[in-house]
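The next part holds the structures, each set out as structure tokens.
Each of the next two complexes has chain A plus one more chain, namely chain B in the first and chain C in the second.
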Partner chain A sequence: MPLIRRLLESRFWALMLKEIRQILKNRQLIFLLTFPPTVQLLIFGLALSPDVDHLSLGVADYANSAKSREFISALVENEVFKVSSYQTNQVALGRQVRVGNLTAGLVIPPTFDRDLNEGRSAEVQVFVDGVDANTAGIASGYLNQIANQYTRRLNPQLTSPPVETQTRFLYNPGLTSSWFFVPGVIGLVLTLTGSLVSSVTMIREKDVGTLEQLLMTPAAGWEILLAKVAPLFILLMGDVLLASAMGRFVFQLPFRGNFLLFFVLSGLYVFVSIGIGILLATLSRTRQQVVLTSFFFNVPIIQLSGAIAPIESMPPFFKFLSWFDPLRHYVAISRSLILKGAAVDALIPNIAVLFGFAAILMLISISRFRSQLN
Partner chain B sequence: MASSSPSTGNEMRTIHSKAVTIQVEGLYKHYGSVAAVCGIDFEVERGEIFGLIGPDGAGKTSTFQILAGVMEASAGQARILGRPPRDARLNLGYLTQGFSLYADLSILENLRYTAGLRKVPKADFRDRAADLLTLMGLEQFPNRLARQLSGGMKQKLALCCALIARPQVLLLDEPTTGVDPVSRREFWDLLAGIAIEGVTVVVATPYLDEAERCHRIGLIYEGKIQQTGTLTELRANLGLHRIEVRAENLPTAEAALQAALAPGETDLVDLQSFGDRLDILTADVDTATVQIRDILAQKQLSLQSLEANDPTLENVFVNHLRRQGADPSYRPFPYHRRQSRQLSRHQDLQQDASALPEPSVAISADRLRKVFGEFQAVKDVTLTVHYGEIYGLLGANGAGKTTTIKMLCGLLPITGGSMSLAGETQNLHRAEVRSRLGYMSQKFTLYDDLTIRHNLEFYCGVYGIPRSLHREKIEWVLETCGLAGRENTLTKRLPGGWKQRVAFGASVMHEPDILFLDEPTSGVDPLARRQFWRLIRDFARQGTAILVTTHYLEEAENCNRLAFMAAGEIVAQGSPTQIKASQSGQLIELVTSQTQTASQLLKQQLPSWRVSIFGDRLHLVLDRPEQDIGLVIQCLQKAQIEIRSQRLLPFTLEDAFIGTIQRAEVSP
Partner chain C sequence: MNRILSQAQKELAQFSRDRLTVALALILPLGILLIYGYAIRLETKNIPLAVQDFDNSPLSRTYVERLFATNQFIPTPLAGTSPLSALDRGTAKATVVIPPTFSRDVAEGSSTVQVLVDGTDVNNARVIQNSIRGVTNFFIQSLPNISRPQGVIPRIRIWFNPGRQESLYIVPGIFGVVLWVFPSMLAAISVVREKEQGTAIQVYASDLSSTEWLLGKGIAYWLVAVAEALGVMLVSFLLFGIRLKTGPVPLLLGTGIYLAAAVSFGLFIGARTGNQNGAVQGTAIAGFLTSFLLSGFIYRLENIPFPLSLLSNLVPARYYIVLTRDAFVRGTGWPGVWYVPIVVGLIGFLLFKVASKILQRMQLLD
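After this line comes the complex of A and B, so read on.
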């Protein structure tokens, strides 16, 4: 076993053993590695859902007829709306929407039946609370759609529009929004955890003053860095497994691609996120500073990545900027592998960019490592 | 204390007439099963400065916390101004270890905050704050933030805060740790002034030269006060005299005299080696002098000088503790790496150093400069350190010592000049160079969250010590530090002084050729400090070049050569004896009837650094003593101050330091 003996004699092993011992004694680190990722995944996966249902609807039904009640029940049928108040007065209804008690208000005029019976188009008035633009848009869309269907049911002989689109959703047939979010959130979790954990571990040496001592030993900068990165890397790969398991079992993600490939590419991204953390640590002096700086970096990284907000809806400048965001590429990779089952060749540009990031970050960190005391 | 028995009443009266302000009887403090204080009794009178000195963990801080009323005693009682400490809090100023200021508040805001806590009326506050700040020399920048102040200024501000409520009792727990010598002396001058005005001061300090300025001193060890008395009384109790021996080839002389220390052989009691002299303690100066001469003559060593002197407080302290068996065990370092090479070099050193044509140079710097932005931190520093030499770098905070040492060991790039390290001028970062260096930085150099053993294993591994030797080296460190059997303790649980010892061990396990020590003994107690220096000396004798910075001028005597730094420049350089001898003027000790008034008067006549109060005596530095002493006497007589005695004293290194620095400031 001369090889093992040589390893045990080596400086690298001494450095690595020290890191492992410090990590084992550091309950806070173990906590940081398990608790926040779990909570983040659950919160983003479950709470951050753009689906709109159970919108509160107020009704002022001046017609109060069988037809008008039928129309209302058509609205609540598919649980998009639920009627939470009946008003006798249009003004009161308007006020309720303004105050925010109701998302939408529907006014059915007394002429509703007469207009329908006489073959004229009946007009109903709708108030929508426009504060939440997304919900307002969806609510008015639904209202239109339901009203159209209702009309068609009343006059089956009415000709349908000449062109009708039939949409089929690929990869996510149920349009489950968590399928869209969770792969992105896995990337987000790796970014936050990886950069925070690595920067805090790095800065601790500087904060308590042992870094100077370490720089005076014969250990080379890359040895010190690698010894710090290796155990963290292993722990963060544990986070990848944790997140994938949650994705599979809590959110029922399909994992259509090769899981090993997903795991290896996640490893590449973990390396990038550790690199970001180390870079932050060499730029800062104290622990407090590094935590604050990491916010400054991580928030734009996440916002530009498309993990939460779609890149397509960004202004052109930011769309361009997002190409320089490593998380964007990892999110693309993980969505492709988890949802589409894409093959490697489709991902080559993204992988290349991540490699580039990992290499550049590590090189900068190593070169800054020695000069950071100045 | 509502007792009305006549005896108690009498006692109270006598206490009043003596004006005892602090009274401690049978005080105990237990932390779980550990007894920190085991039955302390003492009294302090009004206007007295009472010093508590003792090694780390002797129970000083516990005693202070009980006196300050922040902690309850387990048994016994402490009374301040006749009341329990908690009730006397408003009359009490307490300065804790470390800086107890709010770093993000300004000087004035810190003062106002403390004054508010202590219910100082607003009208009084303004006058008192102005007076105190002027007294401390802080009046020019009342709006500067506390964290921007130097260590010395911070402590002065902390003292202001303690004094703002006009307390009758001042408790100071190591107030000058980390404060440079100049500020320290000013701080003590202030204390002397405060005491004369009737404030009772209790102070703990690890600096024994400083403790000599107390009126009375209590020696505390293992939770008990072992001895109390004035400096003179303590010296007399020791019953020993100190002889300074200067001879050529000190190591051989030391070995010869050490052999003679065995009881019954000679009258020599204790031997301590310094940078360029040996100190010998003896009960009988005359016999001992003859014996020393005989021993050195037998070894054919020529004696340069032999001077009898007062024992220092350190002698009292160390000898007393030795009798208690508190001496840390000494174990020679297990040398392996360069034993053969060292042996030959060691023999070279045995011969007269001057006989060697050019002892090899370990560190050399030529006109070294460092500029941070606009600020010139180091200006034209030129020095050489040879293998086998202990070179000391001394200076006030901010004088550029740490910057210099960091440049010399390659941690900081140099702005100008040239340097060489271990024969290399370039690529000082190479592993081969650094494996020959040892470094101990000012801050803690151990990993707090690892056990002592894991820390030591790490340093063994990272310096590439063969695995087969790890055990021996680690055991050496543990035994030297007195930590055998406690190696699995987490490092953060060790008191500061012990951490320093382990850190020193960790930085020398790989037998470095060149050792950099940046304030290695800060916070280490005198006994351990002595052991520290013995180890450092051992390394030097094995051929290691040692560059050390320190605040403790008494321990700078251990250096073979030293340099004083002020404002980034070296202002004096040489052996301790040379530096002391090169001081112009003379040090005169005066005992007068009114120390404080005399001091104030003389400070008007002379630059204030020339006058300082040491307990009940005055120290004067006079450049032309024959003429100046006449003026001094005239001045004092005019004020009807009686001069009880006057004598010449040899300069201490501290006197030399302060003199050199002050003269350098006057004529830049």
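After this line comes the complex of A and C, so read on.
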């Protein structure tokens, strides 16, 4: 085993042991590696939910008949709406919606029964709070569908409509919102933690002044850098396991693809995030500056990645920018592997881009590291 | 009072000398406004839709035409023989499969069109389902010799934002996030910096009370925060077409109090932590996560599950966002937002009290 012996006797090994010892002594680093990722995954995974259900509906029922009550119960049947107040008149109902206590108001006219009994269509008025544009759109879609179903129920002679759509949701049949967000948030957490932890360890040597000493040793720039990166890499892979375990057991993600592939590609992304961190550290002098400049990097990286808001809805310019966002490619990989169970060949473009990013970031940081030498 | 003001003056002078913090204070909020304001859109337009039309009759083609006439979908090739392949590759978000017997079935009164939707993006999966159902309904009504059933027709009116512009929802929400995170971060850094540089000891030893000291700092950073608020709102006015829908009094008063609360939060974090990194990270992580995720900024507050929903009650951004959305979209005024300045003011006051208590313990008594 001459290779191993050579490794164990090498300068690189000694440097790495020094880094590992330093990390293990650094309580704050261990904290940064465990606590924020857990909290971020939990809060992002639980709090982000675009569900449209139990919308508070106010009713002003001027008909007040069996038929009108039947219509109201049809509205609340599938739990999209819940009736949270009955008003005696339209004005009071409108006021409740204006003030923001109700998401929607329904006005059933006094002629409701008469119209239906005499074979006319009865019009009901619905006002929807449009401040939340997205919810308002989905809610009005549901309202139309429910009214249609109710119409069908009133006319038993109509068996079924001439065209019926049968919708199947693939990959996430229950439309569980955490299934959409958590695979993306794993990437977000790796970005934040990886860049923070690596920039903090780099900058500390600068702060304390030991970086000059290290640079003066016979070790080459890449050796110092690699010795710093390798233990961080291993620790961050622990974060990947932590995040996957939380995804599996807290959020019940299906992990349909090959887990080993997911793990390896996450490792590739961890390299990218470490690269971002080193770049941040070479750009700034103090730790405070690192955290501030990380805002400039991390906010756009996260926002353009599609982890939180879908890329498809962005305006063209931002859609274009997102191609240059490494996190976008990792989120695509993570979602495909966790939800779709995709095979490697579908992911090749994304993997290639991540490789490119990892290589470029590493090259930049090595060269900037060297320039500090002079 | 004089001592407080001169303290504030000194603080402002110090602030304007530090280039990095000035840049941070003025550029970062605008940068975040632009990114969030343009990049956060929940509802997708131009959804790629693939159609597998086995019938290929005039009727089925009319149906397909209707689907694309909504301007919501753009046609995408199937990419193979299976209706799933385009979805698996991600080139289509939905596939509509029209059976070979479509026109015959329609004539006989019942046919089923299969719609396969990529459920990954939960929200847009719902949007797609709804619009395909809506189109199908219109299509049914346009069919000849269909006896239109008598039933209930909802006349839906969308209030406040009839065009359902998402920017009107997102941009006022950004105010809540940005105007919380940055004022608090600046205030926290300024307290901690004095601790780190040792000047805090001089203050402890002087006869300036901790409340006076914090008030002086607070006034200075409150003024900086007001400048930030004006900048952010002016840019939103110019770029996103945000306009006041009601009298300016609730917004002015509410913003003033909100900024004061944000500064108090920063002073509190500054009093608690010993170093600048902790201060920056504390305000960045605690302030950002809560005002971003637990404030109803992106999705409805009601969707936050139980233990977290309790926590969201303590997040001032959640109240302030109600106020900004009212001022810029809803336009109801005081009846809808009367409680906002009270709750936010109370939280801010408590934070300030605790901060000055913490520092008081450090004070040297004579």
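Definition applied: the second predicted complex is superposed on the first by the 353 of 374 C-alpha atoms of A that agree within 3 Å, B and C clash if a C-alpha of one lies under 4 Å from a C-alpha of the other, contacts with A are read in each partner's own complex, and residues count from 1 in each chain.
As a working rule, a contact is a pair of C-beta atoms (placed from the backbone, for glycine too) under 8 Å apart; a residue touches a chain by one contact, two chains touch by 3 or more.
Please read these numbers as outputs of a predicted model, since none were measured by experiment.
Participant: Per the contact definition in the header, classify A:Lys25: touching chain B only (first), chain C only (second), both, or neither.
Facilitator: A:Lys25 contacts chain B only, not chain C.
Participant: Touch test for A:Gln213: chain B only (first), chain C only (second), both, or neither?
Facilitator: So A:Gln213 only meets chain B here.
Participant: In the superposed arrangement, does A:Ala122 touch chain B (first), chain C (second), both or neither?
Facilitator: So A:Ala122 only meets chain C here.
Participant: In the overlaid three-chain picture, which partner chain does A:Leu102 touch, first (chain B) or second (chain C), both, or neither?
Facilitator: Touch status of A:Leu102: no partner.
Participant: Please tell me which partner, chain B or chain C, touches more residues of chain A.
Facilitator: Touching more residues of chain A than the other partner does is C.
Participant: Thinking of the overlay built on chain A, is A:Arg370 touched by chain B (first), by chain C (second), by both, or by neither?
Facilitator: First partner only.
Participant: Regarding the shared-chain residue A:Leu15, is it in contact with chain B (first), chain C (second), both, or neither?
Facilitator: In the superposition, A:Leu15 touches chain B alone.
Participant: Using the superposition on A, tell me which residues of chain A are in contact with chain B and, in the other complex, with chain C.
Facilitator: After superposing on chain A, no chain A residue contacts both chain B and chain C.
Participant: Using the touch definition from the top, list the residues of chain A that touch chain C in their complex.
Facilitator: Of all residues in chain A, those touching chain C are 36, 39-40, 43-44, 46-52, 54, 71, 95, 97-100, 116, 119-138, 140-145, 147-148, 150-152, 154-155, 158-173, 175-177, 179-180, 287-289, 291-292, 295-296, 299-300, 303-304, 308-310, 312-315, 317-318, 332, 335-336, 339-340, 342, 346.
Participant: For chain A, which residues count as touching chain B in their complex?
Facilitator: The contact residues of chain A facing chain B are 8-9, 11, 13-15, 17-18, 21-22, 25-26, 208-210, 212-220, 370, 373-374.
Participant: Where on chain B is chain A touching in the complex?
Facilitator: That would be residues 409, 411-413, 429, 431-432, 434-435, 437, 439-450, 454, 457-464, 466-467, 507, 516 of chain B.
Participant: If you look only at chain C, which of its residues touch chain A in the complex?
Facilitator: 20, 24, 28, 31-32, 35-36, 38-47, 63, 84, 87-90, 93, 105-106, 109-127, 129-134, 136-137, 139-140, 143, 146, 149-162, 164-166, 168-169, 189, 276-277, 280-281, 284-285, 289, 293-294, 298-300, 302-305, 308, 312, 322, 325-326, 329-330, 332, 335-336
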